[in-house]
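Pasting the structures here.
Consider the two complexes below, in which subunit A is the common component and subunit B and subunit C are the respective partners.
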Partner chain A sequence: MKKYTPYILLFVLIIFPLVVRNSYYQHLMILVLIWVVIGSGWNIIPGYTGQVSFGDAAFFGTGAYTAGLFASKLGMSAWWGMAFGGFAAMAIAFPFGWICFRLRGAYFALASLALNEVCRHVATVWESLTNGMVGILVMPTFVSKIPYYYVALSLAVFSIIFIQSVMKSRWGYYFLSIREDQDAAESLGIDTHYYKMISLNIAAFLTGITGSLFMNYMGFIDPEVVFSLHDISIMAILVGIVGGVGTIYGPVVGAFVMVAVHEFFRTGFLGFFKTLASVTGSDFVNTVAKYVSQAHVLGFGILVVLVILYLPNGIVGDWDKIIGIFTRFKRKGESS
Partner chain B sequence: MDVFLQTLVAGILKGGLYSLIGIGMSLIMGVMGIINLAHGQLMMVAMYITFALHHFLGIDPYISLFIAMPALFLLGALIQKYTLNPLLEVESILPENQVLMTVGIGMVLTEIARFIFSSDYKSVKTSYSNATFFIGEISFSIALVIAFFIAVGFTLLMFWFLLKTDIGRSIRATAQDKDAALLMGVNSKRITTITFGLGSALVAAAGTLLIPIYYLFPDIGGPFTRKAFVITILGGLGSTVGAIFGGVTLGLAESFGATYIGMAYDDMIGLIIFILVLLFLPGGFKRLTKV
Partner chain C sequence: MILFKIENLVKYFGGLAAVNGVSFSVNRGEIFGLIGPNGSGKTTIFNLISNFHKPSGGKIIFKDKDITNLKTNKICRLGIGRTFQVVKPLGRLTVLDNVIASAFLRVHNKTEATKVALETLEFCNLIHRKDDLAKSLPIGERKRLEITRSMATNPDLLLLDETAAGLNPGELDEAIELIKKIRDRGVTIIIVEHIMKVIMTISDRIHAINFGQTIAEGTPEEVANDPAVIEAYLGEEYAHGK
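And now, the complex of A and B:
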């Protein structure tokens, strides 16, 4: 059964937009697929190579701006970004990795955070190129969401197969050895700096392409959207750790959960507070509802704390533990 | 020449405050080996405490030092005891889960501040906020000068504490070799709790001293976390003496950058220094002085 699960999931995802015609749910599914790619990309660096990165938004934004600039400066289709966005992100990742992989662990994490901020500043200050805070607007190519859905789906499938094959290759073993013990890996003759660069560049490439897709799909970007620390970089980390770091399908599960949580907060617990406010007619509940709809970052923060404390390996990694809790309940219920 | 001297003075005064932020970070780094990515956010909490005390009760920011610092000591100690220490026993593939935890805590703190005080810019206006005095042609901001001397005072006090007291010695022992310290009978969990509290209290002092001359909003934590990081990289990892040099250097670089390059690049300058240090002086000032 376990062997066929990915194929069943893939089949369901392929027929999903043909069955569910509601464009809101299609939109959510596109977001989930986009996050699957970003999360899988992020997962390579900390999950397999053991270096925490906070800089995913830098690659994502670079990809998005590549697509946007093709449209706004060269007058070409923004879809060209899909071809070049990944390489543009690698062009950022390469010098960054070369300098900052001298740092280890938490220091590298903070350096990547700094990269994120530098990119946002550059995109904001360099107005002649990026229009600064005004952002770039691109006319969407398709009215329907279905083409975007399939592009996102093929990208997600590609990235998972790609990562899976990388991890089965020689590179994958080198990555894992660096994660387990960097000094030991080095003493065995593995060029750790080189392989960390490779893992960073794979992640940057995947994230950059996704950024270009995001530009094409959303039609509008500005530095605050695509270089956002909380909405992109931290979200990528959450997708990884909620699903499970170091697992192939962890980011898939994580993306579903995180988009659901995000929507849950944005709609005020699925309209619960709004209904409550209209029923009771109290101003207080109304204000609470307004706050709750903006509180997704708080929700994310609490989620980080709880997941790291109680599900350190994520939903996929700690699946047996979760099952264990439920079966124990059942057994208790039976015995009493 | 006057402009140059003026910039120099401003940089050194600002550097004193930055050192205070950096020392807190270095202490935590040295003892626990983790970077506290909620450092700026803790400072933000202290600034809001000071703001609230001034706004509602009319208490002077310098008096609220005595309230904000113990409060933040308690907050830091609680964070360490209930969220970071339990992680030592958690088995996980996730690298640096303590660091990620501090990020989560930072987010929670920022959002709680946003709930209570909204996203608006706040400031504490005191009689000495804009007051200055002159030596020759160079103007000194009174608030900044007071802040500088209090910062120096706290730094000296910190060193006395680390060098002379029993707990200070235990902290240094834990920083040098955790296992050996444990074998010598140092209660390392208690020490980490105290250290995190101390680091938070120091950054609280910096925040409180800064508030008469600065403004305040919930997202202010992020930039200061990054500044603290640049300072620790400059000074050398986990070196408290280095943090002082790092703080002053960053203060000077920022004020010279603001004068001669442009205000818009304020945040970039720290990052540029950071990259230059990594390229040409990996290990920071610690490597030059061997302290």
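And now, the complex of A and C:
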């Protein structure tokens, strides 16, 4: 059964937009698929190679801006970004990794956080190139969401198959060795600096392409959106942690959960607070409703605390534990 | 024929000379013992050889090539394998995956790497644990895993850092057997050990150091009877008084 789950999931995802015609749900599924790719990319660096990164937005934003600049500066289609966005992100990742992989543990994490902020500031200040805070607007190519959906789906499938095959190869073994013990890896003849660079560049490439897709799909970007620390970098980490760090399907599950939680807060508990406000007519409830819809970061925080306390390996990593809890409940119910 | 030598090796940690002008050379195919009381600088010498620490002075020569400032991974690539006194298993990988990861140094596809790994596990008598996680092994088998892993990189020179410490008598005999078997494969060995039973039975030559300096070198009997060595281990009155 477990063996067939990915194929069943893939089949469901392929027929999804043909069955569900509601464009709101199609939009949510596109976001999920985008987060599958970003989460899987992020997962390579801390999950497999053991180097915690807070800088995913730098690669995402670079990819998005590549697509945007193709349209705004060169007058070409923003889809060209899909071809070059990944490489542009690698152009950021390469010098960064070259210098900062000399740092270990928390120091590397801080450096990646700085990379995120540097990129955001550059995009904000360099107005002649990026339009600064005004952002870049691109006319969407398609009115329907279905083409975007299938592009996102193929990107997600590609990245999962790609990561899976990398992890079965020599690179994968080297990544895991570095995660488990960098000194031991080095003494076994593994050039740890070089292989950390490879893992970072794979992640940057996938994240960059996704950024370009995001630009094409949303049609508008500004530095606060695509270089956002909490909406991109932290969200990528949450997708990984909630789903299961260091597992292939962890980010897939994580993406579903996190987009759902994000949406749950954004709509004010699926409109619960708005209804409450209009029913009671009280100003207080109205204010609460307004703040709740912006409090998704708080919700993320609570979720992370719960996951780390009860499912430290994420939903996929601790799947047996979850099953165990449910079967125990069942058995208790039967015996009483 | 000399395979490996160090010349006048010096290492300062701040003002402390951990290794102070040690020189020795190791012939191809021999088991070379390195002994000394706690804190005399044995492990530091190993860390200098594999360049975890940069030497403050001196030269390290392997196969007539100066390897003093090469990176750790290059040194392994040239054919010097090492184990760690404080074992460093890749905990969340299986024993087999641990060995495959190191076998990838010489072969580039997974089928061959797996083959080499299985052979090496068989050779080192750890094959029965191949599917267990490395972190679940007891200390004796962890030390054996260290040896297996470095053997999978196909080294010409193997540095064993206290691989017998903490083993029970049965395991000790097995460890001695294994080290002899490795030597018979043509691998030269430098071994650091506190357990005299091990080092005295298997070493061809022994080099003794204390406070980072050479105090004796020779066959096991010569070194065991050397006054300077007895003094370092037991105190002055045993060396001269009787």
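Simple rule for what comes next: the second predicted complex is superposed on the first by the 336 of 336 C-alpha atoms of A that agree within 3 Å, B and C clash if a C-alpha of one lies under 4 Å from a C-alpha of the other, contacts with A are read in each partner's own complex, and residues count from 1 in each chain.
In the analysis below, a residue touches a chain if its C-beta (ideal position, glycine included) is under 8 Å from a C-beta of that chain, and two chains touch if they have at least 3 such contacts.
Given the structure is predicted, the values throughout are model-derived calculations rather than measurements.
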{"item": "Which superposed partner A:Gly50 touches (first subunit B, second subunit C, both, neither)", "value": "first"}
{"item": "Touched partner set for A:Ile308, first subunit B, second subunit C, both or neither", "value": "first"}
{"item": "First (subunit B), second (subunit C), both or neither touched by A:Ile146", "value": "neither"}
{"item": "Which superposed partner A:Arg170 touches (first subunit B, second subunit C, both, neither)", "value": "second"}
{"item": "Broader residue contact with subunit A after superposition on the shared chain, subunit B or subunit C", "value": "B"}
{"item": "Touching partner for A:Glu117 - first (subunit B), second (subunit C), both, neither", "value": "first"}
{"item": "Touched partner set for A:Ser187, first subunit B, second subunit C, both or neither", "value": "second"}
{"item": "In the complex with subunit B, residue positions of subunit A that touch it", "value": "46-47, 50-52, 54, 99-100, 102-103, 105-107, 109-111, 113-114, 117-118, 121, 125, 179, 229-230, 234, 237, 241, 245-246, 291, 295, 297-298, 300-305, 308-309, 312-313, 317"}
{"item": "In the complex with subunit A, residue positions of subunit C that touch it", "value": "50, 52, 71-73, 76-77, 81-82, 84, 88-93, 97, 100-102, 104-105, 108-110, 113, 149-150, 153"}
{"item": "Partner subunit A, residues of subunit B touching it in the complex", "value": "34-35, 37, 83, 86-87, 90-97, 99-101, 103-108, 110-112, 115, 222, 226, 229, 233, 237, 264-265, 267-268, 271, 274-275, 278-279, 282"}
{"item": "In the complex with subunit C, residue positions of subunit A that touch it", "value": "168-170, 173-174, 176-177, 180-181, 183-192"}
